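Listed after this line are the structures, all set down as C-alpha cells.
One chain, subunit A, appears in both complexes that follow, with subunit B as partner in the first and subunit C in the second.
Take a look at the complex of A and B:
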C-alpha cells in the first residue's frame, strides 16, 4: 500500500497540480482579504479574528469544490488517458489499494492547501493587528471542518472521475458543487444539509448574524449531527465508489 | 524445448448478454513456445487474453498457468507474467524512463533490468523524452519494454504490431523471435494477421466467433497446405476407371480429377497410363492450398481478416 501511495506522488509529477492549487488559493485569499479590508475600512468593529475565519469558510464553499474536482480529476485522468488500469491490474496491483492511494494522495495535497489558508489567515490577522491572542482553537476547528468536508467532496469526486472516463462530468460536478457551496447560506437548514458542499460553512467555527443596520460575527458550536453526517457521507461515497470502480471490467 | 505446459485452459468461456464471446476454449501453451493466437477481429482473442491475466472473470471454465490455478494463485502467477494488452499502457506526461521506473517499483526489480529492457527495444537514446511525444512504434516498444522489465517466464502480447509500419513490424518480429532462446520466455501472441503468425509462431491456435478451431504446431498447420494435382482429360469417366484400377484414388472436382499427396513419379505414371489407353490428357495442374485458404476454410469467412 505504501509502495502504491509513493507511486501516486511519483506519477503526478509534471501534472502541474501544485500550480493549480496555488493559483486558486491566491485568487481566493486575495479576494477574501480585499473584501475584509474594505469591510474593516467601513466598520472598524469588524477588525476581529472571527471575520477572517467566516470569510474564508464561506469562500471555501465556492473554491474548494472546484479545486477538489480539478485535483482529483488530474490524479484519476492519467489512468484513463494512458489506459494504465489494465497494466496496473495485470501487474498484481490491488484495485482497492490503488483507489485508496489516489484518495490519500488527493486529500494530502488539499490538506496542504487548507494549512496554507490557515497560515495566510494568521499572517493577515497579524498585519491587520486584530485584537486578542492567536485564535488557535478557531484555527484548529477551521482546519478540521474544512478537511472533513473536503474528505467527503473528494470521495464523491473520485467516484465520478474513476467511473466515467470523460472528466467533463467530474469537473461539471465540481462547478455545481461550488455554486451550491457559495449559495448554501440562502437555503433552509433541511435542504442545505443534503448537500455536502454547504458543509464548509456549516462546519465553520464562526457564523454571521445578520441584523439591521449591520451584522456581527459569532463563534458557533458545531452540532455533532453535522459532523456525523459529513463522516457518513465520506464513508458512503468512498465505499460506493471503491466497490463500483473495483468491480468494473477492464 | 521442455514439454511442460505453461498455459492451460479448460472450457474457458465468457458470455456477455447471452452471447458467447469465448466458447469452451482449451488452450495449451508449452514452455519455450511462441504460440500464435490467430483469429479475425472480434473473434475473442483479447477477451481470452484478458481472462488469462485476471482482468475479466470467466463465465465458465478454468485457467492454469505454470501449473497453478489462476483463481487461487493469481499474485504469484502475475509476478512471473508480463503483458501488453490491446494498446500499450503508459503515462504520457512521464518520460520513457520514468514510465519504466513506475513499473520497476511495481515489479521490485533492479536498475539494470530497466537499462537492459530499454536496450532490447532500442529506446535507450529516447528514454528521456516524454512518452506522449513518442511515435506509435516507439510507444509499442515502450509497452514491450515495460512487459519485459522483470524478464517474466510468460509474455502475453496482444496484437503487438498493430499500427506499425513494415519496418517496425519487422523489428518487433525479430525481437519477439529472439526472446525464447535468449531469456527462456514463453510467448503467447495474438494477431489477426496470418502472415505475421506464420513468420513468428512455433505453435498456433485459430479462434473464430469464440471457438478454438485449430490448435497445434505450425508444422502441422503447414502440413494441411500440401499440394494436390489436378488432371483434365478428354474423358474423365474413363480416366477415373483406369486410374482406380491402378489403385490411384481420384476425386472429382468440377471438370478435373484431383489427387492429393502424390509424388511426381506417380503423376508421370498416370499420364503415361492415360495416353496408352488413348485418353487425351489436356492439363496437369499443381494446386497448393495456402495457409490463408486453410484459415478461411476453418473460420468459414471469405472476408478480410
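Take a look at the complex of A and C:
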C-alpha cells in the first residue's frame, strides 16, 4: 500500500498541485483578511480571534469544495487522459488499493492546504494583535472540522471523477457544492444537514449571532450528531465509490 | 469557418455538456427564488428584487466558472490522443481553430443565458408579480453574454495552454474574487470578470450612463482582441505538447 501511495506522489511530482493549492488559498485568505480588516475598521470590537475562524470557515464553504474537485480531478484525470487504467489494473495491485491510494494522496494534499490556512490565520491574528493567547483549541477544532468535511467531499468527488471520464461533471458537482456551501447559512438546519458541503460552517468552532444593530461571534460546541453524520457520509461515499469503480468496466 | 464550427459542434455530440449548462442556472435560480420567497417582506421591488436574488450567485460566481468549464471541455478533446497534431496539420488556419472554439463557447453560454432568462420569467410569473416583465433585464442578459465572450477569450487561452482540465477552472475562481475586488474599488472596467458584474447589473441595477455603456462595449472588445491575438500568436509560434 505504501508503495502504491508513493507512486501516486511520484506521478504528480511535476504537476505543481501543491503550488496550485497554495495559490488558490492565498486568494481566499487575502479576500477574507481584507473583509475582516474592513469590519474591524468599522467596529473595533470585531478584532478577536473568533472573527478570523468564522470568516475562513464560511469562505471554505465556497472554496474547499471547488479546490477538492480540482485536486481530485487532476489526480484521477491523468489516468483517463493517458489511458493508463488498463495498465494499472493489469499490475498485481487490487483496484480497491489503487482507489485508496488516490484517496489518501488527494486528502493529504488538502490537509496540507488546511494546515497552511491555519498558519496564515495565526500570522494574521498576530499582525492584527488580537487579544488573548493563541487559540490552540479553536485552531485544532477548525483543522479537524475542515478535514472531516473534506474527507467526505473528496470521497464523493473521487467517485464521480473516476466513474465518469468527462471531468466537466466532477467540476460541476464541485461548483454546486461550493454554491451550497456558500449559501448554507440561508437554509434551515434540517435541510442544511443533508448537504455535506454545509458542514464547513456547521463544524466551524465559531458561529455568528445576527442581531440588530451588529452581531457577535460565539464559540460553538462540537455537535456529536454532526460529526457522526460527516463520518457516515465519508464512509458511505467512499465505499459506494470504491465498489462502483472496482466493478466498472474499463 | 462554417465547416469548422460544425466540426466543433460534432465533437460536442453525446458529451452531455448541455446537462452541465442547464444545472447551474436552474440551481442558482431555485436558491434565489427561495431567498426571494422567504424575504418578500423586505424585497418589495417586484421583478427587480427577484433579479437581485437570482442573478447574484449566477452572475457573480457560477457563470464565470461555467465559461471556464466550457472552455476546458472544448480544449480537452484536443489535448487527448495527440489530437493537436491532427488539428494543426489540417488545412485550417490557427486563427480559425481559435475563433471556432470561441464561437462555439459563445453559443453554449448564450444558451445558458437564454435558459436563465426563461427561468427568471417563469419564476416571476409563478410569484404573480403584478408589474409587467422588465424588458431591460433582457438587455442585461445580453450584455452579460457579451462580457462572457471576453472571459471566454481569456479562459480559452488558458485552456489551450494548460493541459489540465481543472486548473483553468481554479484560476477562474480566483479571478472571480479579483474581479469582485476590482468592482468594489470602482476599477471594474479594467478586468473582464468585473465587466460581467457590470454588464449583468448583478450588484447594482442603476442604469449605465452613455459613456459607461460605450466604455463597457469598447473594453470588452479590446479584451477579446488582446486575448485572441495572444492565444493565436502562441499557437502559431510555440511547439504543441501532445501525449
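Please note the rule applied: the second predicted complex is superposed on the first by the 250 of 250 C-alpha atoms of A that agree within 3 Å, B and C clash if a C-alpha of one lies under 4 Å from a C-alpha of the other, contacts with A are read in each partner's own complex, and residues count from 1 in each chain.
The rule we apply is simple: a contact is a pair of C-beta atoms (placed from the backbone, for glycine too) under 8 Å apart; a residue touches a chain by one contact, two chains touch by 3 or more.
Quick caveat: nothing in here was measured; it's all calculated off a predicted structure.
Of the two partner chains, both subunit B and subunit C are touched by A:81.
Within the superposed three-chain model, A:73 lies in touch with subunit C and out of touch with subunit B [touch as defined at top].
In the superposition on chain A, contact of A:14 is made with subunit B only, not with subunit C. With both structures placed on the common chain, the touch criterion links A:31 to subunit C but leaves subunit B unconnected. When the two structures are aligned on the shared chain, A:172 is found in touch with subunit C, with no touch to subunit B. Shared-chain residue A:97: touches no atom of subunit B or subunit C.
Of the two partner chains, subunit B is the only one that A:89 touches; subunit C does not reach it.
Once the two complexes are laid over each other on the shared chain, residue contacts for A:128 go to neither subunit B nor subunit C.
The wider contact with subunit A, measured as residues touched, comes from C rather than the other of subunit B and subunit C. By the touch criterion defined above, A:249 reaches subunit B but does not reach subunit C.
Shared contact residues on subunit A (touching subunit B in one structure, subunit C in the other): 15, 81-82.
Residues of subunit A that touch subunit C in their complex: 15, 20, 23-24, 27-28, 31, 34, 62-63, 66-67, 69-71, 73-74, 77, 81-82, 166-169, 171-172, 175-176, 178-179, 182-183, 186.
Subunit A contributes residues 3, 6-7, 10-11, 13-15, 78, 81-93, 249-250 to its touches with subunit B in the complex.
In the complex of the two chains, the subunit B residues touching subunit A come out as 50, 53-57, 74-75, 78-79, 81, 83, 85-94, 98, 101-103, 105-107, 131, 146.
For subunit C in complex with subunit A, the touching residues are 15-17, 19-20, 23-24, 27-28, 31, 34-35, 38, 57, 61-62, 65-66, 69, 72-73, 76, 79-80, 163-167, 169-170, 173-174, 177-178, 180-181, 243.
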